[in-house]
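One structure is given below, encoded as structure tokens.
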């Protein structure tokens, strides 16, 4: 039932509206609204009950194991949330003067320093509001760098075929063409294809390492050298930073620019799809191009660096300072972890992934890259099950929901057919991992007994499988009152 | 360390299953020379009490000044229920609803959000949000360039009365695609976009005209005339609006005869705290015929296998995970949690509640202006009608007044000197429903002292001359 | 095995071409192409009057999980588009050879000879499947 269907004309949450003193006398008639928007008219309790009930129709980290590959669905510590909402921080106006901002600005400055340290980059800007915006900022900096060198013939960004879709989309937003580089059967980039693609038209390459195939790109140094020799720069997509946090730093691998997904690695909430935060870090030569604003200090007080201090910056990415409240949460998380805690993130996320991979292989499931070590995530392919039992990866995914677990990422990366990309994260206990493996084995048994039953899953959720063809053909994107109602 | 559940015994068991002696071996594919040592700059982890104290100290340092700054971020009351509900783990710790059956809560809420935004804006369709108002404007510009079939132009008319940070953001986000922003000046008398200057562009080819309502100065634009100009000149009209103001002002879908084509803005006034500028959310609505050019997630209502109503992501073929380099945008996640708060906020307020908050802001602004101008030497700089912000001309540099006011814990407004030096001593002030008469009186008294002491200072200087 | 009528010509990018014999051709997507895409939900049509070169992207066919460009197999001007597809794209799934997408007035008719015949297209599709 929609909130609109609880609505009755004249009902309202009376505690929530001030009595206005005037009738908008200062606003001439021509500017005023004539027809009232049909927003819900409900009591406060009705709204609270409705949205509480809706929440109960969601799977979440707080309620279920959520091994969604490439998304790092780890526990979001409650302290991060409550401390970011302390009165002086939550009520700070973005344009408040420095005199009333030292607490906030010092936090931003310290976070920049922390992120520099864990990534091995020379400088960091916290401005990007999400991973994709971080990608944009990164590629825009690469372009600004080449332009500043007068090197305008570079028109291509190389992107491995396993890359996240945001990579090629970002290259295009920055005015480049995206050129795909194939991966080899062992998951590493095809060096011969890379060599063949490099040239004076190469602006740079976008890499995720560990890659979206769940393996570490072993020849990264060689790739970096080849790309640099061709005059290109290396962009690191930080989607999988959790795998190497405190163990390996992108700066040491030879990357020139990186973005981090704080909602993954630094455990800020995923919020049903955002807000994220996608800070960018750069090597020395890209430093002048970082997006503004950035926090600076004179050793005593903190301030925003002015536009005059950053004349070559690619500019602003948001009206104010990005997703500041998310940055505060990431800061709290980083401080709670400390150096040792960071390393343990990589250690235990890798442990959990390798344990799951081994157990699934022992149970007869097929690893996409059986010869490789899993990183913090890994891929299994259910193509045998699809062929022999007629039960696809999607069917397994839906049936897992009935077992009270969120499905892994399905059908990504596109290279591996009928795949599951599984990322348990370090915060899951062994019994969650075991329960998942048991469920996978059980579903396979069910499929052997009655495939149709599995293909009909889920059965225990608020809805069964949805008709997304109908959703796209007969677009119904908003509630409208039925005929005769107003 | 603090959030890892493994016991030593479990660690042993797991390593045995994998067939390695220790965790170190799990990293054996990573070349030795790439491993970093201890991260010395980080220090050791803090337990919860320590970090709590640290953050409390920082928060106290920033204080809770009396705020009369608006300029794109507004201090509104947020019903207690909004964040209590949005902080539920089922909203807070879920992700993008890829598995629709396990995400009906988020999906239905987003569908309700789309419904409410289209109602508030009087538009046909809404997406499920973008990052913030400034980046939403950039996406609207890109969308207009893609969508305008009558024009091949990549030029956009951008009034100087649009928030300077928004204009800067749009520049960053579109410049690499060869899109040019052509500035339209404001009328120095009214503070509205100069229709005569716009008329000089008649007959030229533009992809779109941006129309702010209210504009950065708090002034109401003649939106009907601007929208009509765009239509006649085959440019799409992009409305940039404050969503709260739309509870009382004519909404973009009703501008001129046919309405604006695209509308966007920042959703912050709908339940997002000031929080140093974010997270807020950007909204984007359009006419039905442009829906396939929209960036970002869109939710549709459909049915399940049993014919029961349900909700799912739809029109995904526009998006980067399918279209890759040909997607409408690279955007992936949006601002889901903020949309959750906005949806609950709008449900609690209803149309009447939003309208009375909007009216109350307007009242308060008029009262504030009355109080401050009563000091003499201070006057509104523009003659156009206002919503809840106004530009005042001060008899001294605003930064000097602001510094003294801040010392008394009053944030007196936003100094326009950096972005509009031609306006002289111009200060943008705002009063929302959260300010009361006593607050304004306090501001008036302190400003009076600033003016008096300045006169005193001048008098002294005159004596020494 | 998908249906590949003998009386049509084919492009490697899976469009079919029917030579109307008057300097114009009718173009759609093959049975194989619609199978790969699955249930179509939208077809973006070219604008009439557009001048196309062989290989130009000129339309998009969308299913729920994929979107694919349609390329013009030949040089020419778009003289008509199948507006009925706007409301019911699914007819392409049902009968791909009855439901065309656009018609071209050819500017370089000799290109017709370069297209694949049914046998050649069939072996290409078969090779792709293995």
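Every chain is named by a letter (A, B and C) in the order it is written, and numbering of its residues begins at 1.
Criterion: a residue touches a chain if its C-beta (ideal position, glycine included) is under 8 Å from a C-beta of that chain, and two chains touch if they have at least 3 such contacts.
Here the structure is a predicted model, which means the values were calculated and not measured.
Asker: More contacting C-beta pairs: B-C or A-C?
Answerer: Between A-C and B-C, the larger count of C-beta pairs in contact belongs to B-C.
Asker: Hey, which chain is the most central one here, using CA centres?
Answerer: A
Asker: Taking each chain's centre as the mean of its CA atoms, how far is subunit A from subunit B in angstrom?
Answerer: The separation of the two C-alpha centroids amounts to 21 Å.
Asker: Nearest whole angstrom, what separates the Cα centre of subunit A from the Cα centre of subunit C?
Answerer: 38
Asker: Just the number, please: Cα centre separation of subunit B and subunit C in whole Å.
Answerer: About 45 Å separates the centre of subunit B from that of subunit C.
Asker: Which subunit C residues sit where two or more other chains touch them?
Answerer: 41-42, 62-65, in rising order.
Asker: Multi-chain contacts only, two chains or more: what residues does subunit A have there?
Answerer: 468, 471-472
Asker: When you check subunit B against every other chain, which residues touch at least two of them?
Answerer: If we look for residues of subunit B contacting two or more partner chains, we find 316-317, 322-323, 326.
Asker: For subunit C, which residues count as touching subunit B in their complex?
Answerer: For subunit C paired with subunit B, touching residues are 41-42, 44, 47, 62-67, 69.
Asker: Which residues of subunit B touch subunit C in their complex?
Answerer: The touching residues are 149, 292, 316-318, 322-323, 326.
Asker: Which residues of subunit A touch subunit C in the complex?
Answerer: Within the complex, subunit A touches subunit C at residues 411, 468-469, 471-473.
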